[in-house]
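Structures follow.
What follows is a pair of complexes built around chain A, which joins chain B in one and chain C in the other.
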Partner chain A sequence: MKALQKFMDKVRPNFQKGGKYQYLHSTFDAFDTFLFVPGHVTKKGSHIRDGVDLKRTMFLVVIAAMPALLFGMWNVGYQHFLNINETATFMETFFYGFLKVLPLVIVSYVVGLGVEFIFAQSRGHEVNEGYLVSGFLIPLIIPVSTPLWMVGLATIFAVIIGKEVFGGTGMNIVNPALLARAFLFFAYPSQLSGDKVWIAEQVDGTTGATPLGNLLTATDKLPPLPSVMESFIGTIPGSVGETSTLAILLGAGILLFTGIASWRVMLSVFAGGYLMGLVFNLIGANAYMTLPAHMHLLIGGFAFGAVFMATDPVSASQTNRGKYIYGFLIGLMAVLIRVVNPAYPEGMMLAILLMNVFAPLIDHYVVAGNIKRRLNRMKKIAA
Partner chain B sequence: MSTITTIKKGLDIKLVGDAEKTITEVLAKRIALKPTDFTGVFPKLLVKEGDKVKAGTPIFFDKYRDNIVFTSPLSGEVTEIKRGAKRKLLEIIIKADSKSESLDFGVADPTKLNKESVTEKLLKSGLWSMIKQRPYTVIANPEAKPKAIFVSGFDNAPLGPDYDFILHGKGEAFQAGLDALTKLTEGKVNVNIHSDQTKTKVLLNSKNVQVNEFKGKYPSGMVGPQIAALNPINKGEVVWVVNPQDVINIGQLFLTGKVCSEKIIAITGSEVLKPRYIKTSAGVCLNDILQDNVSDVEKRFISGNPLTGSQVEATGFLGAYDHQITVLPEGTDQRFLGWIMPNLDQYSYYKSMFSWLTPNKKYKLDTNMKGGERAFVVTGKFEEVFPFDIYPMQLIKAVMAEDIDMMEQLGIYEVEAEDFALIEFISTSKIEIQSVMHNGLEFLRKEMS
Partner chain C sequence: MSEQTQERESLFSAKNRKLISNAIGKDNPITVQVLGICSALAVTAKLEPAIVMSISVLFVLGIGNVVISLLRNTIPQRIRIIVQLVVIAALVILVDQVLKAFAYEVSKQLSVFVGLIITNCIIMGRFEAFSMANKPWPSFLDGVGNSIGYGLILVIIAFFRELFGSGTILGWNVFETIGLYDIGYVNNGLMILPPMALIATGIIIWVQRSRNPELIKD
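The block that comes next holds the complex of A and B.
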């Protein structure tokens, strides 16, 4: 460690102002602070500081998403071998999926971080950790067969339009990872829906539709659906990381225990979705409406969106009361879009993006309540 | 007695180096008056190097409020006048002599005086400068009519001094000080105590004042949350705030007619070999009281507590409003992969480190930032440690944007920079929030005057 530290100390001046590699300052700084928490000290105000920084916070989200990724890798293999009607050992299954998913992760990180580094450098900022999370989530919410160039293109779009134009991490309006998916969804719809994209190296003539896809085409009675257990464990077709509610709940446990994600948002998303499902059960006008409410929470990207996407603190409501409203409306909208809109099988992405846009408005009205309370106090005194 | 107000939000940070309850008397050899301690004061000097002064001799006054003078706490000789950039007056250093001569301001019974004569006595003796006004934390305006006066009788900041211990046996002077303060407001003088920990009769038997009981974690001992819980400040209102030790010194002025500069200060922090209390003078030189009572590592000297104090040199002086010296290790070490390591020696409010496993452990924290500065990302955490009916993040952002209307609407008058200390501590974005708030309040004060 000492040697590494000495080496970094030695090369550091080259990257600082006036050094010969000054144009790589942000890049060097990113690696430097990755290796060593800098020796910067407080100047005034609070002389001591909490041990946790944004790097640690962000990295914990990545750890929390790890079960979903690992299960997703296994499930990619499982779906593939199921499709070609072969049996494979656990390791073969996992390794197959690993090789399919890894390129997605690599492309997402390399392209996204590349853009981040360029922007940080041109602005003279430190590289922000936000993309550690976005880059990890993007591969988890797309079908495994998405061409790599599309992943790269969507990532560039999401980082630049979703984040950097607003000033970088912490300034964005909508969730960048979801924006990447939305970009793909609208630019290349055939790659993001239908029954040909969810299984790697699918055999021609077979169908690999997701439960949501099946439900959308159902007319008078519910199509055959995976059991509650299958949907909960996640042995169903779908985007890489979204199928296993169990793996997602493991991550949710980490996020909630460490307090990184807001339980208010998570709880109210599930509540909103469940309630909307119940309302549709009551109406029961078509087959889809009769789908048991709890199934809505288990299939598709509902759980993943609720745990990892809706809880993004930057794009969510910032006030506690606002978080309940924001989450509830996401759950409600997601199920509403699924059931009522014939064009989109999955409503979660659109519901979250929509509420991202409305989050500041919700906050505005919540804060206005506080302001009004203060004004009333003034009036009472004046009277 | 009154009902107990529980302040639910807050955080107790347990640190190594609480002062042991023994008092050592150390005569101050050198003391300094630091005009920079007084926000908004434009100092005009009344002495020059070499002048002989007595306790109570005016040293400088405020150019814009010339009745506010600052006096020497003891007798001696002005040895040095330190100036900074643009000749800004930094320190007026006075070397103590052994004569301890004082100017006589006249003995008086404050209960028999009216507001004008109490005010005049305090102004002349220089003790008026110990009365602070909120909002803005500036020296009180003698003509103003404060809604109330607040004295917090306990300090539960990390390593904060124990006022039960400090005030012991000073009931007479404390009561005389309170009597003087009651003359200054048409409202009440509030003495705020801790419902379980305050035991001293000095506080419990305070007369002619409102005694309020509080409990809860830090910052329940700070006047900010106390005022917010009892009677929040509205636009246009002012309240005054005095520290209990300054109440005693005000009382002494009326009892003896002399300026009393005695202060019991807590010497705390992990780098102090024998943390304890020291009886000395206001503005004392750190060198005189610490001497060889500190460790050999690179150190940070703080006048005040680790959360709200100000950094001073090893040869610097105690701040005018401080009752504590804290010495912490300077955190210049780089930590390998520190952002992911378990870091069992680190304290964190969050459960993503492991300090929640050892809730009673006392930590030895250094001054490292523990991360780079970032934009605000995490939400909902500030509210958990901020005991005000205010949205802190929104207010901080309004201050950053210098949006005065928004600042007022969100309750800027109810808070001071120091009330944001815990928020600054737990912020994962490592933004200097107290500085932001201080600058914002200064901006507001200048715009509104």
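The block that comes next holds the complex of A and C.
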């Protein structure tokens, strides 16, 4: 580490103004701050600066998503061996999934960071850290069998259209990782939904439908569903990292403990989804509506979306009251789309993207309401 | 005095040429004035309807501009919109009937959008902004220029949407011919959907503005 730091210090002048490789300045800066705490010093005014810069914040999110990824790898192997009717040891299972999921992660990172570096270079600013998280989340929310070139294309689309056109990290209107998934979902529907995509190397003639897929085709009675325990642990087919509510809750614990994600958003998403589930239970007009409300929170991408997607600080509401409204509506819409819309088995993605767009509006009205209330209070005091 | 200098102006003077080149480039109706977006989103899923649409607009706007310009001194200010609409409507009906007679398939694909040329903002915009105040010949050039600018964007968008959305160009299977499907390529369904036309328009605007900084305004 010391040697590396010495090396970085030695080559630094080459990249600074007037150096040989001045044009590679932002690339150097990216690697430098990735490895070491940046050497910025506050120059004037009172200012508190701690060691947690954006890069380290993002890294904590990656750590929080790690349990979901690891479990996802194991589950990919588990679903595969279940499908071909073989038993395998834990390590075999995990290793199989590891080999299947790793290419997705690599493609997502290489392509996404490539685009980021090109933009940073051409615009002459620092490389944005935001992609550390997006690149990690993209492989987690797609089926394991997604062709790699599609992942690459979706990543390019998400980074350029979702982020760079608005000015880079921190300026995006919608969550880039979800935008990548939405792109795939609408561009290549047969690779992103149905009963043939969730299991790697699926045997012909077998079905690998997700619980949500089964529910959508159900007519007068509920289809056989995984038990609550199975859905909680996550031994069910689904996108790579979203099946295990347990692993996601572990991640949620890390995010909440370090104060990175907003508990208000998480809580209200779950509340909204649960309440909408209950409302549907009360109506009970078809089989899907009678699904117990808590199952909505366990199956599909609900928990993953609530913990890792809805809480994205850039695209969520900023005000505290706004966060409650924003989260609550996400949960509500997600369940609503699942049950009522026959075209989309999973509503979480669409619900979050929709509310991302509305977040600034919610904030606007929360702030306006606050100002009005305070003005009224002033008037009362004056009167 | 001014009458005389104008009469001496040749048909393709620099000023008149600018009427066309500006409308295609830095004053483009779609990418700079952001008019006529609705039809740009609706008819660009395939190249053929986009071309037919561009030609129809070229016809309506070219002739319409001349007619309005000829009538400009006799149209009372207070009812000018109605008069303009009558002119557009007559021309659009003409186009619609011709399409139905000679290109029925395309006319079915374009469905209501031929009729909706009446409400195409570009046409009303040019009538109001140009031909109501200019002589017939410049008005004609302005109409032609603006329709070419409009048609150019439509064709660019439609080219990419048809190529990546259906793998064809004017119905000819490009990707199948070069064997792209055999190596696992799949057509992009999003390209067929209207949002992608909006994004494509946005990208064209982006490219144009980054090449021509004077268009950037806050």
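We take it that the second predicted complex is superposed on the first by the 370 of 383 C-alpha atoms of A that agree within 3 Å, B and C clash if a C-alpha of one lies under 4 Å from a C-alpha of the other, contacts with A are read in each partner's own complex, and residues count from 1 in each chain.
Assume a residue touches a chain if its C-beta (ideal position, glycine included) is under 8 Å from a C-beta of that chain, and two chains touch if they have at least 3 such contacts.
Predicted model only: the values in this text are computed from it and were never measured.
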Superpose on chain A as described above, then tell me if chain B and chain C fit or clash. fit
Considering only touches as defined above, state whether A:161 meets chain B (first), chain C (second), both or neither. second
Could you say whether A:189 touches chain B, chain C, both of them, or neither, answering first, second, both or neither? second
Using the touch definition from the top, say if A:149 reaches chain B (first), chain C (second), both or neither. second
Once aligned on A, the angle formed at the Cα centre of chain A by those of chain B and chain C, in degrees rounded to the nearest 10, is 100
Larger contact residue set on chain A - chain B or chain C: B
Contact-wise, after the overlay, does A:126 reach chain B, chain C, both or neither (first, second, both, neither)? first
First (chain B), second (chain C), both or neither touched by A:59: first
Enter the shortest inter-chain Cα distance between chain B and chain C once the structures share a common frame, rounded to whole Å. 12
Of all residues in chain A, those that touch chain B in their complex: 1, 4-5, 33-57, 59-60, 126, 128-130, 167-171, 257-260, 262, 264, 313-314, 316, 318-320, 323, 363, 367, 370-371, 373-375, 377-378, 381
Residue ranges of chain A touching chain C (in the complex, touch as defined): 147, 149-150, 161, 165, 183, 186-191
What does chain C use to touch chain A in their complex? 184-186, 188-191, 193, 199, 202, 206
Taking the complex as given, what residues does chain B use to touch chain A? 13, 15, 158, 232, 234-235, 300, 302, 306-311, 326, 328, 330-340, 343, 346-353, 355, 365-381, 383, 389-391, 393-394, 409-411, 417, 421, 424-430, 432-435
